[in-house]
Amino acid sequence: MMTDTARRTPGKIVLGHTNYGKSDIRLVKVFRNQERHEIKELRVDVSQEGDFTAAHVEGDNTDLMATDTMRNTVYALARDHLTTSAEAFGIELVRHFLEAAPRANRVSVRMIEYPWERIEAAGRPHEHSFVRGAGERMAEVTGDEAGNFGVEAGIDDLLVLKTTNSGWAGFLRDRFTTLPETDDRILSTVVTSRWSYGGATDLDFDGLWEGIRRRILESFTDHYSPSVQFTLHHMGKAVLESFPEVEWIHFSLPNRHHLLYDLERFGIENEGVVFHADAEPYGLIEGTVERSS
Amino acid sequence: MMTDTARRTPGKIVLGHTNYGKSDIRLVKVFRNQERHEIKELRVDVSQEGDFTAAHVEGDNTDLMATDTMRNTVYALARDHLTTSAEAFGIELVRHFLEAAPRANRVSVRMIEYPWERIEAAGRPHEHSFVRGAGERMAEVTGDEAGNFGVEAGIDDLLVLKTTNSGWAGFLRDRFTTLPETDDRILSTVVTSRWSYGGATDLDFDGLWEGIRRRILESFTDHYSPSVQFTLHHMGKAVLESFPEVEWIHFSLPNRHHLLYDLERFGIENEGVVFHADAEPYGLIEGTVERSS
Amino acid sequence: MMTDTARRTPGKIVLGHTNYGKSDIRLVKVFRNQERHEIKELRVDVSQEGDFTAAHVEGDNTDLMATDTMRNTVYALARDHLTTSAEAFGIELVRHFLEAAPRANRVSVRMIEYPWERIEAAGRPHEHSFVRGAGERMAEVTGDEAGNFGVEAGIDDLLVLKTTNSGWAGFLRDRFTTLPETDDRILSTVVTSRWSYGGATDLDFDGLWEGIRRRILESFTDHYSPSVQFTLHHMGKAVLESFPEVEWIHFSLPNRHHLLYDLERFGIENEGVVFHADAEPYGLIEGTVERSS
Amino acid sequence: MMTDTARRTPGKIVLGHTNYGKSDIRLVKVFRNQERHEIKELRVDVSQEGDFTAAHVEGDNTDLMATDTMRNTVYALARDHLTTSAEAFGIELVRHFLEAAPRANRVSVRMIEYPWERIEAAGRPHEHSFVRGAGERMAEVTGDEAGNFGVEAGIDDLLVLKTTNSGWAGFLRDRFTTLPETDDRILSTVVTSRWSYGGATDLDFDGLWEGIRRRILESFTDHYSPSVQFTLHHMGKAVLESFPEVEWIHFSLPNRHHLLYDLERFGIENEGVVFHADAEPYGLIEGTVERSS
């Protein structure tokens, strides 16, 4: 056990790590100087890290950028710099803030992008009307004073389900184990995934994201799953094998339990047909698949 | 102004209208005795109305069905009676509860259905793997002891947006009016709609729902919108004209304001390009389009 | 069963009931011209009903008040008219809108008030620092052109729980009933209540609300509960008996099931000690207690 | 800029860090063998880290504890080991899981505790009836195979507001800065705080939590706040000075902007009286106050 000497003889009280910024900036850009309109909807969080001791300790705000200024900046730069991917826009924002904020030595821009699809009208995609699709796309760009960049992307809120080809057996049994084994169950999860492109800033981020999402979905389907853990590694491996641009990929996979409802009590047979989709509690399996050095 | 005599001389205290039931029953059914699996996911609320005075006033539960029994019943009947639409399943449930619950003289079953689409793998739709789509489908069946049925259906959480062909002008101006007029704005709303099939119980509810959803989307796109009010009536009329099965249709349309961000302050031109998607407050426009007698 | 003649021979398509307004106006007022500051936080929804056919059908906005104007008005009138209760403020708002909006013949103002309590500092309540308390207070005022007013108040999000003195037995049993009877269980619910003061506009709404809330809590504790239904009627009766100002009171009571966890499987005795607080499904019991004429 | 050599010449694909467990276990314990009942409500998340490679890569579940077993264990151990604080219960759970799970070398138990207060009835606190209070208490215990423990506690969802004695001036101005300076504004935030007791496992965790919460509230009130940053450091310093048991304290403070509503446009004076409580975007200020070594 840790000694708690430190606790008994406390040192001087100091400011530790700090960061601040503007969260939940809701931005919509319309691309209208073209035959067919396009739109991009982003929710942006800006965060600056650095030496903000003067403000924290002495109340001296001289070198603090107001978070309101960060907001104005995001809208202003969107005008000319949000032209392709969220990632490319994030890189421009990070560059700007590193220059404009004298005390910030590291800046992060985190973006959620909401998918909009064209409405079909009169048999063809409409030129300026859209309907929101499912799921969310994530992008996060971090940069520092030394010019290092890191670009991550991700998926939120992607619900998937397999009606078969999944089981859970051979696990540890102890005094408190009551769960029976099964070699055929429903497997359902809400995929939250993050992956890294390392320091690369010039990739086709839109094309990569589409490809990685498709690869995750495909590799969810193509094997017998003996556990969520196995499927996690299997999907991660599939992405890293197909996309050399990806350094690592992390998954957070809640196991949305589907429990066969006991209808035998009523004399009704129920072999894998009627399930209760349990809301809580849920198993949560998390892990990273990466490249060894 | 109302007299408040009633308030000063209160009458006898009595039980008024009551209802009770089970809410948030989460049901998944797998159709597996076929070449390709299918699934249906419903969230079901059961509600019974009737004369429950004995339980409320005397604590006599003799004729009360436990809400736990309602839950069991929903899962049990799903085994054989959830074969086509949620509406058809709701009709069976209502029939059952009217018979099984001696004091219930009116029963409602409300269902939310979540859309699941097949995952594309190896270039074709997978046989047992699914991904959740956007939006929600609603169905509500009500029946009474006299054998009358009412079937309603609806859409929740359908986000739509037009980048042009919408304005807001010529409205009332008073001392507190500051909003400028515009003939070109973003129009965005989250469509919540309910409609009635009257007492018909034998319709192609799945086909109708798909058709009505498509009609709503199309009629959102096909006109210049001088107000959300106009678009509401326009969409409702389009549905009633195309679908004689529909008696009335109700819309609840929050006006999700998109405010052009003022970039002129920074010397940056912004003609309909960069918008702030405001979260609150929001205009809320509601109305019904119906058939006259 | 209803004939569906109407459906087969649809009549003319017409506009039915409509209403529109501004929702989620977030207002904070500081009372600072006094020894100790006070604050009031309201979330306000304004809704107007009337004959808005010209706007809906012809796109003529001439007599439509912009919802943005409604927002401005709420803030502007708060300056001088939000002095005591939310209800009294609502009455002023309704009067204003009935006069200002030429086509509105009925106006509703719905308000949620959030409770703020003084922070205790140095042993006494601080003069300008506050901490948010639990629960929400509701008030709704409706008025029409003829000068009739209706005032309702309510409680949202009041969680209560009894560890004993509650049971559920003697209920109906059928083929699908598996629930055992019990004469000692946890009873827990989230009280949502609405009540009416009729047309009275000059009551001590703040004092009444405090008293009614206290009466609901007390009457939740003071009896053996054979069902949620019984407790609903018991609480309603208690309020109507104590407060002649109240015409009727409605409760919506989700039964938040607490299931004794089966520890006997592990050789551990568990008589009413360890429970699983189930999130879903939940029983939902609703009813009104009123005065007979 | 980072070289992206690694990306171009990917190494072998391997499993990185993993963890898994059960989330959202909802537990209520009644203490009934005493004159007056007491209750404790916890939401528990269990997480195990370790070498789970066999399961992830080979589908071998031999050494995996089912998350269902974790759930059973939490309820079972609550019977005898949830007697005082959540922290003390967490320590027992961590010890159990480290022993029972052969591959886990580090275990975390995260708990949210919901406050329940006695209902006042007939002028005194009732013996078995409770009402939920505001806010949430957090506790997290982590332990490893080597016997090291770490205990953290925290506060969630504590809304505070000052009507005066707060400003924001003297900050950095650049091209995109439009915010005016102020020396009198509303300061409002939702305090989320975490702090560490280091490796100490035998403290009066309940008493400490109450004291720290009170200290945070008091130190929020007792100074002129030139920025959220300053107040963050000020509150952290106050806690560390008063409680030597605390090694560090972290705050996450969203700046819930209250904007003075412009009523001058309508000829209405509004000096610090009527505010719009903006929902988004919000400034987010985060930081740690700690002891130097």
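Read from first to last, the chains carry the letters A, B, C and D; within each, the first residue is number 1.
The rule we apply is simple: a residue touches a chain if its C-beta (ideal position, glycine included) is under 8 Å from a C-beta of that chain, and two chains touch if they have at least 3 such contacts.
Predicted model, so just to flag it, every value in this text is computed and none were measured.
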Partner chains that subunit B and subunit D have in common: A, C
From subunit A, the most remote chain by mean C-alpha position: C
Pair joined by more contacting C-beta pairs (A-C or B-C): B-C
Homomeric contact subunit A-subunit B: same or different residue positions, threshold half: same
Euclidean distance of C-alpha centroids - subunit B vs subunit C, Å: 22
Centroid spacing, where centroids are CA-atom means, of subunit A and subunit C in whole angstrom: 37
Intercentroid distance (Cα basis), subunit B paired with subunit A, Å: 30
Residues of subunit A engaged with two or more neighbouring chains: 26, 72, 76, 176, 178, 266, 279-280
In the complex with subunit B, residue positions of subunit C that touch it: 1-4, 6-8, 10-26, 45, 47, 52, 55-57, 59-69, 71-73, 76, 100-102, 147-150, 168-172, 174, 176-179, 197-201, 226-230, 232-233, 236-237, 240-241, 244-245, 247-248, 250, 254-255, 280-293
Subunit B - residues contacting subunit D, complex: 175-176, 178, 265-266, 279-280
List of subunit C residues in touch with subunit D within their complex: 26-30, 32, 37, 39, 41, 72, 75-76, 78-80, 116, 119-122, 126, 128-134, 158-165, 186, 214, 217-218, 220-222, 258, 261, 263, 266, 268-270, 272-279
